[in-house]
Amino acid sequence: MIPNADSAITRNEKALILAYDHGLEHGPVDFEPNPATADPDRIFDLGSHDAVTAVAVQKGIAEGYYPSYEDDVTLLAKLNGTSNLWMGEPNSSVNWTVENAVEVGADAIGFTVYGGSNHEIEMVEEFRDAQEAARQHGLGVVMWSYPRGQGLKNATTPETIAYSTRLGLELGADITKVKYPGSPDAMTHAVEMAAGSKVVMSGGSKTNDQEFLTTVHEAMKAGANGLAVGRNVFQRDNPEQILDGLEAVIFEEASVTEALDVMGAEPTDPEALD
Amino acid sequence: MIPNADSAITRNEKALILAYDHGLEHGPVDFEPNPATADPDRIFDLGSHDAVTAVAVQKGIAEGYYPSYEDDVTLLAKLNGTSNLWMGEPNSSVNWTVENAVEVGADAIGFTVYGGSNHEIEMVEEFRDAQEAARQHGLGVVMWSYPRGQGLKNATTPETIAYSTRLGLELGADITKVKYPGSPDAMTHAVEMAAGSKVVMSGGSKTNDQEFLTTVHEAMKAGANGLAVGRNVFQRDNPEQILDGLEAVIFEEASVTEALDVMGAEPTDPEALD
Amino acid sequence: MIPNADSAITRNEKALILAYDHGLEHGPVDFEPNPATADPDRIFDLGSHDAVTAVAVQKGIAEGYYPSYEDDVTLLAKLNGTSNLWMGEPNSSVNWTVENAVEVGADAIGFTVYGGSNHEIEMVEEFRDAQEAARQHGLGVVMWSYPRGQGLKNATTPETIAYSTRLGLELGADITKVKYPGSPDAMTHAVEMAAGSKVVMSGGSKTNDQEFLTTVHEAMKAGANGLAVGRNVFQRDNPEQILDGLEAVIFEEASVTEALDVMGAEPTDPEALD
Amino acid sequence: MIPNADSAITRNEKALILAYDHGLEHGPVDFEPNPATADPDRIFDLGSHDAVTAVAVQKGIAEGYYPSYEDDVTLLAKLNGTSNLWMGEPNSSVNWTVENAVEVGADAIGFTVYGGSNHEIEMVEEFRDAQEAARQHGLGVVMWSYPRGQGLKNATTPETIAYSTRLGLELGADITKVKYPGSPDAMTHAVEMAAGSKVVMSGGSKTNDQEFLTTVHEAMKAGANGLAVGRNVFQRDNPEQILDGLEAVIFEEASVTEALDVMGAEPTDPEALD
Amino acid sequence: MIPNADSAITRNEKALILAYDHGLEHGPVDFEPNPATADPDRIFDLGSHDAVTAVAVQKGIAEGYYPSYEDDVTLLAKLNGTSNLWMGEPNSSVNWTVENAVEVGADAIGFTVYGGSNHEIEMVEEFRDAQEAARQHGLGVVMWSYPRGQGLKNATTPETIAYSTRLGLELGADITKVKYPGSPDAMTHAVEMAAGSKVVMSGGSKTNDQEFLTTVHEAMKAGANGLAVGRNVFQRDNPEQILDGLEAVIFEEASVTEALDVMGAEPTDPEALD
C-alpha cells in the first residue's frame, strides 16, 4: 500500500501478471495441453506481450532465463511454493530470499499465504520477513491470499474472499491475488475491504474465451485491478490471442464483444454477450 | 513501567486508544454495522478527535494511511494478531517488527499475550523481543493481556483479570489492556496488582451509550487509566458523539449524566444514572 | 564457580536472596496474607535490610522500581519464569535477556531449570545462552534447580536434590537453589555434590518462625551457603523481624534460640530448641 | 542453471560424478563386495580417472583425503545425508556448510531433496540456503531429487521422475540427479521438463556390465547429461574397467558394443546389443 | 581427520581420555564406589598422571577447576550431555559453545551423537556447528558415537559399531569413541571403517583389572587408538594403579601380564593371561 511501491508491475494502476510456477506447484502435467510451454522461453516471450505487466516465476527459472529477457519483461519473484507430491495441511516452503531475488533483477515479490491453515501463523511470519525486506529494497509486494485448510469450511464464499483481500491490506501487501468470488457484487465488496490496496483475480483452470473474458470483465467493472493468470493463457493453442483480448478488457475498458473482436475470435454463446 | 515511556500515548496518565485491527482478527463482518469504517481514513479521522490518545493498527494500514495523519494522530503499532479463519489453541503471529514500526512512525507498540494458552511461552518470548526492542527505540509498550486457552476455566473472573494486569507488570508492559472484571472492586484489585503500571479496559462488543459509559466510568473511578476501544466506537452511527462522552468520563472526571449531556444523548435507563 | 563471580550477591560466601517473582509464577494470590507486598516498593524496602544480599525479580519490576533502590539493593535478574494459568509439562519462558538486565543494573542472573521435564533439553540450552552471556558481562549465575515433570517419580528425595546441585555445578551455575532435602545429612551430601559451587535452600511455603529458622539452621550447619526466600518472609505480618532472625542464623552462626531472641519472638515448641 | 555455474564438474556439458557417501547413508555393508573401497584413497584414485568429472563425498572424507588429491580430482561437496540406523519419514541432516566446503576446496555442492516427504518443506528451505550460498561462492549446484515418503505412491513412475527434474529446475539446481525412469521416452520427457538445466541418472545398485552400459547409453541418447554413480563402479572387482566403458558411452557417443570392446569385456547377452 | 588436529590430546597417535561427565549423565550415584571422586580436584589430579592425554568434563567443572590444572592437564570440552532424570528418545542438550570452551582453555571438543535416535538429525546438525567452530579454532574433535533409540534393535553388534566409527569419519570427527564390539576382529573392522580417523573404545562400567586390561589390550592389538574411560578408573580404590596398567598397555605395547606387573596387581584368572 506504500504509494507506488507496485508501480513497476502495474500500468495505470492495473496489472496483468503472467504466473508460471505450475511446474513446481502441480508438476509437468500442467504443460500437457500445450507442451511448448514447458520451456520457459515460451513464457518469457509471452511476457513480452504488451498486455503483460509482470511474469511470476520461481528462482531457478529466473536465474536461468531472466538474463535474456530483462529488457522486455518485468520480473515478479515468487518466493514460496511447494510441490503437490506431499499431502497434509496447506503450507509452502520459502524457496528464495528477497536479497537473492534483487540480485536476479526482481521488481516485486509474490508470496502465498494460506489463511485458515494450521500453518497460517508460520506463513504470515515468513511473509512478514519477506515484506519488510521488500520494503528495504523498494520492491512491490503481491500476496497470493488463498484461505484453505482443516479449519476452513468454505474457501470461496464472498465472505472468505473479502476476508482474503483484507488480510492482504492489513499485513502489508500492495496487491492481493484472490479467487473470483462468484459475482460482481462480491468482487466489489472484496475490493472495498482492500481499502485502496490493489486486488487481482486469479485466472484459475482453463475455460473458453468468452467465459474467461466475461469473468475478467465483470471483475474489472467491479473494481478489481487486474488479473494474475497462468493456465488460462499458456494452456491455449494461441496464448498471444487471449493476451490481446485480456489487454482490451483490462487496460482499454473494452466489452467482451470488443475483446473477442480484437482477438478475431468467435463467441461461444452469442446470447450471453454484453 | 519505565517512567514516561508511554507519555506519547497518554495524557495526564490517561489513555483512550482507538483499536482498529478487527479486519485482521475478525474480518470484514465487524464493519457491517457501519460500512464506512472499513475505510481506514474514517478511523484516522476519528483518531484526530481530542479524546483519542493513540490509534492501534496493523502494519499494512499504517504503511498506507499513517503518512497522511502523522501530524494529527499518534500511532500505536499492533505488532501481532491473527485471523479467525483457523481454529486451535490461541496464538498470534508477529506481523511487524519494531524496527519497521519505527520507520513507519510508531510511538508505541501493542502486543497480545494469551496467558494460559499452550502457546503462552512462545508468545511471552516474542513479547520479550518486542518489548526490549521498544526500549531501545524509546517506544511505549502496551500488552493486550487476554488469558484464554485449553488450560483456562474462567477467563474473566476477578482473579484472572488481576493476574492479567500482574503479568503486564512483571513482563515489562507500560500499559496493560484487560477485560473489565465485572465490578469496581475487582477493577481496583486489578489496578493494584499492576502496581503503578497502567491499566486500560477493553471496549468489547457494542453496547448502548449509557451502559458503556457507566462501565467506563466505574473503571475510571476504580483506578483504571482509560480505555482501548474499537467496536464500541466505530460500530456506532455517530462515533464522534461517543468519543465526546468518553473524553468527558476519562479525562474530565465527568459523571455519566454529564457525559450523556455533553453528547446530547438521552439516557436509556434514567433510574440507573449516577 | 568462577572464583568470585557471585561476589556481588554474597557476603562471606553466604547469601540471603529475597525472591519476588510470585506475581508471575503464582499470581496475586500469594500477596493475600500480606496485601502490602503486592507493592514492589515494600519488597525493595525489605531488600535494603542488612540480611538481604540480593533481591530477585522479573524484568518489569526491575525496570519500574530498581532505579529508586540501586544504591541500597543488589539486583538478581530472574530471567525466566511463567504463569500457572497454563497446564502441561513444566517449562518456563525466557522473559529477559542478559543484555537488557545489564542495562537495568543487574549484578547476577537467576534461571530456572526443570531437570526431568520433557523440556529439560530446551531449558538447559536456554540456560547455556544466559550463563555464557552472564560470563561475558561479569554477572553471577544462580540456577533454580527444580526437578519435576512426567519422567520424575520423586522430586524431593535426597538423591534427586543431590542430583540437582550437581546439575548446577556441571552446567556452570555459581549458586544452585534447591528444596531442602529433609535432613542435615542429605543437605551435606547435596552440598558435597556441588563441589565448591554454592548451594542455597529455597524458603518454600510459609511456616512458623521456629520451624523455619530450625530448617535454615540445619541447612547452614550442613554446609549450605544460605537461603533464597519469598513467601516465608513477605507473607508474615512483620517481615523485618524474620529477616533479623535469618541474618543471625545465616551470617552470625546463631542458634535458633539466639535468633528468636534477636527477633524478640517466642518459640512455638520450646522443647525442640537447640 | 546459471550459465557455466557447473562448468567445473562437467566436460562438454556432460558429467560423470563418482558418488561416495554410502558409508554414511548405508553403512559399511556397501563396501563388502570390494572391501578395498572402504578406503577413501581407493575412491579418490578412481576419481583421477579421465572419465570422472567430480567425486561426491561428505565433509569428513573431504577434510581428511581431498588435500592429497586436489590437483587431480574435482570435489563435489555432498552437504546433507543421514544414516539408515533410524526409521521414519525421509529426511536428511545438513552436515556441512557451504562456507566450510569452500575452505576444503569444493567446486560444487550436492544436496538431497525428498519431494513428497513430510519433511519436503524443511529440506527445500535448507536447499535454498545452500543454493544461495553456493551462488555467492560461484559453486555449481547438484540436487539429488528423490521423491519418497508417506504421501507418495509411486516414486519411480515417468511422471514422478519428470516432476523430479522440474523441481531441480524451479528450485535452482544446475544439475538434477534422478533415478532412470524406465524408458528412453520417459527420460526424454524428464530432460525436457528440466528445460535446459542438466539431468544425470543415478547408477543404482550393481548390475552386469552390459545391462548397466545399456541403460546409461539409453539415457544419454534420450538427452541426459550423464551419470552419478557409486556402487555400480566401486562394488566391481575392476572399477577402472567400467569407468573406461562409461567414458566411451558418456563422452564419446560409443555404442554399448564399442564400450564393451574398450573395456575388453564380453557381452552377457550378445543378442541384445546395439 | 585433519592431520594433527587432535595432536593436543594424543601421544604417538594414541589417546587415554579420562571422562568425567557422570555427575551430569548419571548423577551422584556414580561416585558412590569412591566418594572422593565427587570432587573434581581428585579427577584433575588423576588427569595429571602420565597416562592421561586429556580430561573430558562439562563446562561448569572446567570453569571452576581447570584454571588450577591448565599446566598439567589437557582439556577436552564435552559440549553436550544430559541428565537421566527425564525419559524419552535419546537426545542431549548442547551445554557449552565452542567459543566459550576456547576461552576456558579447551584443546579439543567432545560431542555425543546418538545415531538411530529420532533425534539423530538434530544432533548431527548440532555436531556440524560444533565441528566447524572447532576447525576455526584449531581444536580436535571427538565424537561419542553411540547408536541407540527406538529405531535400533542391536546397538552393540559388530555391524553397528563399525557403522558408528564410519559416522565419525564421514561427519568429520578426528577421534570416534565407541563401545567395544565384542571381539578383536570386530574391532579391527570398526577401525578399518574409520579409514584413518582414530577410534577409542569406551571404558564402560567397572570390571576387574585383568578383564578390563585384557579388553583394552585386545582393542589396541586390533588397531584402536586408545581408550576413553571414566568409571573403570575413578570407581576403583586406587585409580592411579589402573592408570599405570593402562599406560603400559596403550602406550608401551605391554601384555596384560606385564601391565598387571607394573601395577603390582594379581591376575584374577591366571589361566586366561596372554
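Order of writing sets the labels: A, B, C, D and E. Residues in every chain begin at 1.
One rule holds for everything that comes next: contacts are C-beta pairs under 8 Å (C-beta built on N, C-alpha and C of every residue); 3 or more make two chains touch, one makes a residue touch a chain.
All figures in this text were calculated on a predicted structure; none of them were measured in a lab.
**Q** So if I look at the partners of chain B and the partners of chain D, which chains show up in both lists?
**A** Intersection of chain B and chain D contact lists gives A.
**Q** Give the chains in contact with both chain A and chain E, ordered by label.
**A** A chain counts here if it touches both chain A and chain E, which gives D.
**Q** In steps of 5 degrees, what rotation angle do you get fitting chain D onto chain E on the CA atoms?
**A** 70
**Q** Could you work out how far the Cα centre of chain A sits from that of chain D, in whole Å?
**A** 37
**Q** From the mean C-alpha coordinate of chain C to that of chain D, what's the distance rounded to whole Å?
**A** 59
**Q** In chain E, what residues contact two or more other chains?
**A** Answer for chain E, listing residues that touch two or more other chains: there are none.
**Q** Going round the ring from chain A and on to chain B first, in what order do the chains come?
**A** Following the ring from chain A in the direction of chain B gives A, B, C, E, D.
**Q** For chain E, which residues count as touching chain D in their complex?
**A** It is residues 1-2, 115-118, 120-122, 124-125, 128, 131-132, 135, 147, 149-152, 159-160, 162-163, 166-173, 189, 192-193, 195-197 of chain E that touch chain D.
**Q** Within the complex, which stretch of chain E touches chain C?
**A** Interface residues on chain E, with respect to chain C: 21, 23-24, 27-29, 31, 38-40, 58-61, 63-65, 81-83, 85-88, 91-97, 100.
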